[in-house]
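Sending over a structure as structure tokens; questions will come in a sec.
A, B and C are the chain letters, set down in written order, and residue numbers restart from 1 in every chain.
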Amino acid sequence: MLEVSNLNAAYGHARVLHDISFDLEAGQTAFIIGRNGAGKTTLLRTITGLLKPASGSIRYEDQDISGCPPEELALKGIRFVAQEKKVFSQLTVKENIQIAAHAMGEPLDQAVAKVTSIYPKLETFLNTKAGSLSGGQRQILLVGRALVGSPKLLLIDEPTQGLAAIVIQDIGRILKRLKDQVSALIVEQNLSMVKRLADRLFIMKEGKITKEINDRAQMADTRGLEEYV
Amino acid sequence: MALPSRPWFGANLIGLAVVAAGFLAIAYPLSTHRVTDFMIFCIFALSFDLLYGYMGRLSFGHLLYLGTGAYCTGLFIKYIDQGPFLACLVGIAAAALLGLILGLIIVRTTGACFALINLAFNSIGFFLVLSPLRAVTNGEDGFGVRAAKAWFFNPGSKTHMYFLVLACLLAVLFLLKKMTTSPGGILVRSIKENEERARFLGYNTYIFKWLTFINAAGLAGLAGALHALNYKYVNPNVMDAHANVGVVFACLIGGAGKLYGALLGGVVYMIISNFLPIYIQRWEMFLGIILLIIVFRFDKGIWGYVETGWAYLKRRYVNREGLEETTEP
Amino acid sequence: MIYTILYGFTIGAILYFISVGLSLTFGTMRVINFAHTLTYTLGVYFLVTTLAWFKGYFLVAAVVSIMAVIPISYVIERFVIRRLYGESLDYTFIATFAITLIGVDLIKWIWGVSPYPLSEPVAAQLTVGTFTFPIYRIIIFAIAILLFFGLELLFSRTVMGKIIIAALEDEEGVRCLGVNVSKYFALVFILGSLLAAMGGVLYAPISSVQPYMGLSVLLLAFAVVIVGGMGNLRGTFFSAFGLGMVMAITARYWSQGAEAMVFIVMAIVLIFKPIDV
């Protein structure tokens, strides 16, 4: 479903991604781990169209999407959830969802129902300003917002970063339930999440994918994986 | 930090001689008085480029310092002493002092903030000479400046003024080149590139920005002082904030950050604003269209293209082996 | 003194009309549009012509003039402003100033340089006790209040308004949800230009009409936007009236100092609250 070949990307003169190649099949949940600065965020941002690649190709469902802007890709079924956990803080939770619903042409009630179905507690917050939500609630709102319009591929950058253990469990549960609805490419530092959810695992270092693990047994070996993070 | 590559013209005397020759040459077809005007504008443009091209800060109010220089020089001659050189020094000092004081605050800002806060001070200065200080400056009408002769120099003679200004321009070029290639100067350029990095390396960027600002103000003051001597008249137009547009254009046309670029831009702008209206009635519209084209197509300025072309020619014909060997980093 | 206050409200209202667009354009596209007051000037000159067409019916002429500005602002946005998205300040300055040069010269070409006197559309006066107020100035103030509430409604009730608010904070996030923000930013730009034209049209009868009128107002508009906060519409409202008051009061005691005082306020604000560009 997603094929990345020889992808190179740079910020100005500084090359961040070197010849990245991998693919993802429909229905799979893949994780990317690696040290800070390895280029994981840049990879997601390049796939989603926020950064133009210097060279290489990105193909999604047999279409070349390299260089497509994020708004176009969203309509094709790709959603990106950024690391910074920014919600539209001046708008209420419901209005946050409304923006997504409007873009996807989905009726608001339907969109809200979808979001509250993955996390019922959000219903009580529908009319609160998103800015007053806690970090965990924001992350859940972000994921929920991204699900409006039934996307096929989610790109999520460090969903559990900075969140409390209980909240992380909530998110883990949500992501597990989503596994059969969408494919996902997730950047994570939290290895237990990886262990629970990953079908495939990519290890990145200094802008390259250094290792690919498709064997669940190997992924279960968290001690061994720790050296990469 | 890599040292910037020196353009072939360099700081050396050959470059200065070429400039001098250039200005002498155009003094014949155009009048000396006009060329003197051009050169004064070039000095001002160079002072502006110090802030813009080297330090990377665009100011919309640099005329404040030129005006201060002009007014202080003029007022000194009018009320205290008619010696032209002393008056010029007073003008420069006043402008530099103002830059010193205002710079303390201004230099903390950047981008649009920097541009507009300079504009604000410029407007305030304009207003000050127009109204509250009217008793001294004679407000809107301005006043005449009649300097006395000093040694062999006669301010009344157009030729003498011409050579004085030319000498100042060459001195300024020399000074600026020395300054900008000194370790301090290279630091200032690195501030333009990435101030945070310079600060992380332990440099007190604030002091260097402040010093550069003072220099730029002082040099603008020099331009103002010469202006007062040349025109023999000072009025608030010398501080008109709207006129900042001209010097910004000049540096952009010529190529910001390259000494000779500012010089070239200054001459080109002077020629455009002085002669274009004669030939093309709708010159402002014409200029606007040209500018749009320049901005969207050519962002290195004329001098940038000259340099690129020169480097290409040099590689091709001087270092003949260079073509295969050269690998771009 | 009362007259000074009314004068302050009038100036404030006009400043508000002009500054809204500037604030929004900066908040959304991060472009400082130095050509912003061109539509202000154009609106006025269109008014001069349409008043002649409609034989003095101010309201019709005003509406037509304001609408006529739409295609022009669309062209400016499409071909210039959009390319300045994310560009450095110098290029933005040159490009938008170039537009002003072209625009002002066109105006001089078509309408000439000499000022056009316009008479007040509503000459009536309102007498309250010992004071007589020109109704026209009260109308201008009333329109400003209406505009304020209109904008509040626009941004809190309509989807477009919510998208703009969201984009002002997190433009990438909005795009990643599938919204084409450039389209909305363009609409915002046109709206801002319309409002500036309205400000010009309303102010013209009580000020002088000459080709460079936009430039003098532009700097004041910048001051309003900086004091109020770029992209902050409520702030713009209060700072427009605040600075309008400052101008009126200063003008009473020190006739030429009004503008300088505004710049002093702006400089003070910039020192304590520098803006990020």
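Rule of thumb we're sticking to: a residue touches a chain if its C-beta (ideal position, glycine included) is under 8 Å from a C-beta of that chain, and two chains touch if they have at least 3 such contacts.
Everything numeric in this text was worked out from a predicted model, so none of it was measured.
Of all chain pairs, the one linked by the largest number of contacting C-beta pairs is B-C.
Seen from the Cα centre of subunit B, the chain whose own Cα centre is farthest off is A. Central chain assignment: C. Criterion: smallest distance from chain C-alpha mean to the mean of all protein C-alpha atoms.
In this assembly, the C-alpha centroid of subunit B lies 33 Å from the C-alpha centroid of subunit C. One simple way to say how far apart two chains are is to compare their mean CA positions; for subunit A and subunit C this gives 42 Å. Between the CA-based centres of subunit A and subunit B the separation comes to 52 Å, rounded to the whole angstrom. Across the interface of their complex, subunit C is touched by residues 52, 58, 105, 108-113, 115-117, 119-121, 123-124, 126-128, 130-132, 241-242, 245, 248-249, 252, 256, 282, 284-285, 287-289, 291-292, 294-296, 299 of subunit B. Taken in their complex, subunit C has these residues touching subunit B: 32, 80, 83, 89-91, 93-95, 97-102, 104-106, 108-109, 215, 219, 222-223, 226, 254, 256-257, 259-260, 263-264, 266-267, 270-271, 274-277.
Per the touch definition, subunit C reaches subunit A in the complex via residues 159, 162-163, 165-166, 169-170, 172-181. Those residues of subunit A that touch subunit C in the complex are listed here as 48, 50, 69-71, 74-75, 79-82, 86-91, 95-96, 98-100, 102-104, 145-146, 148-149.
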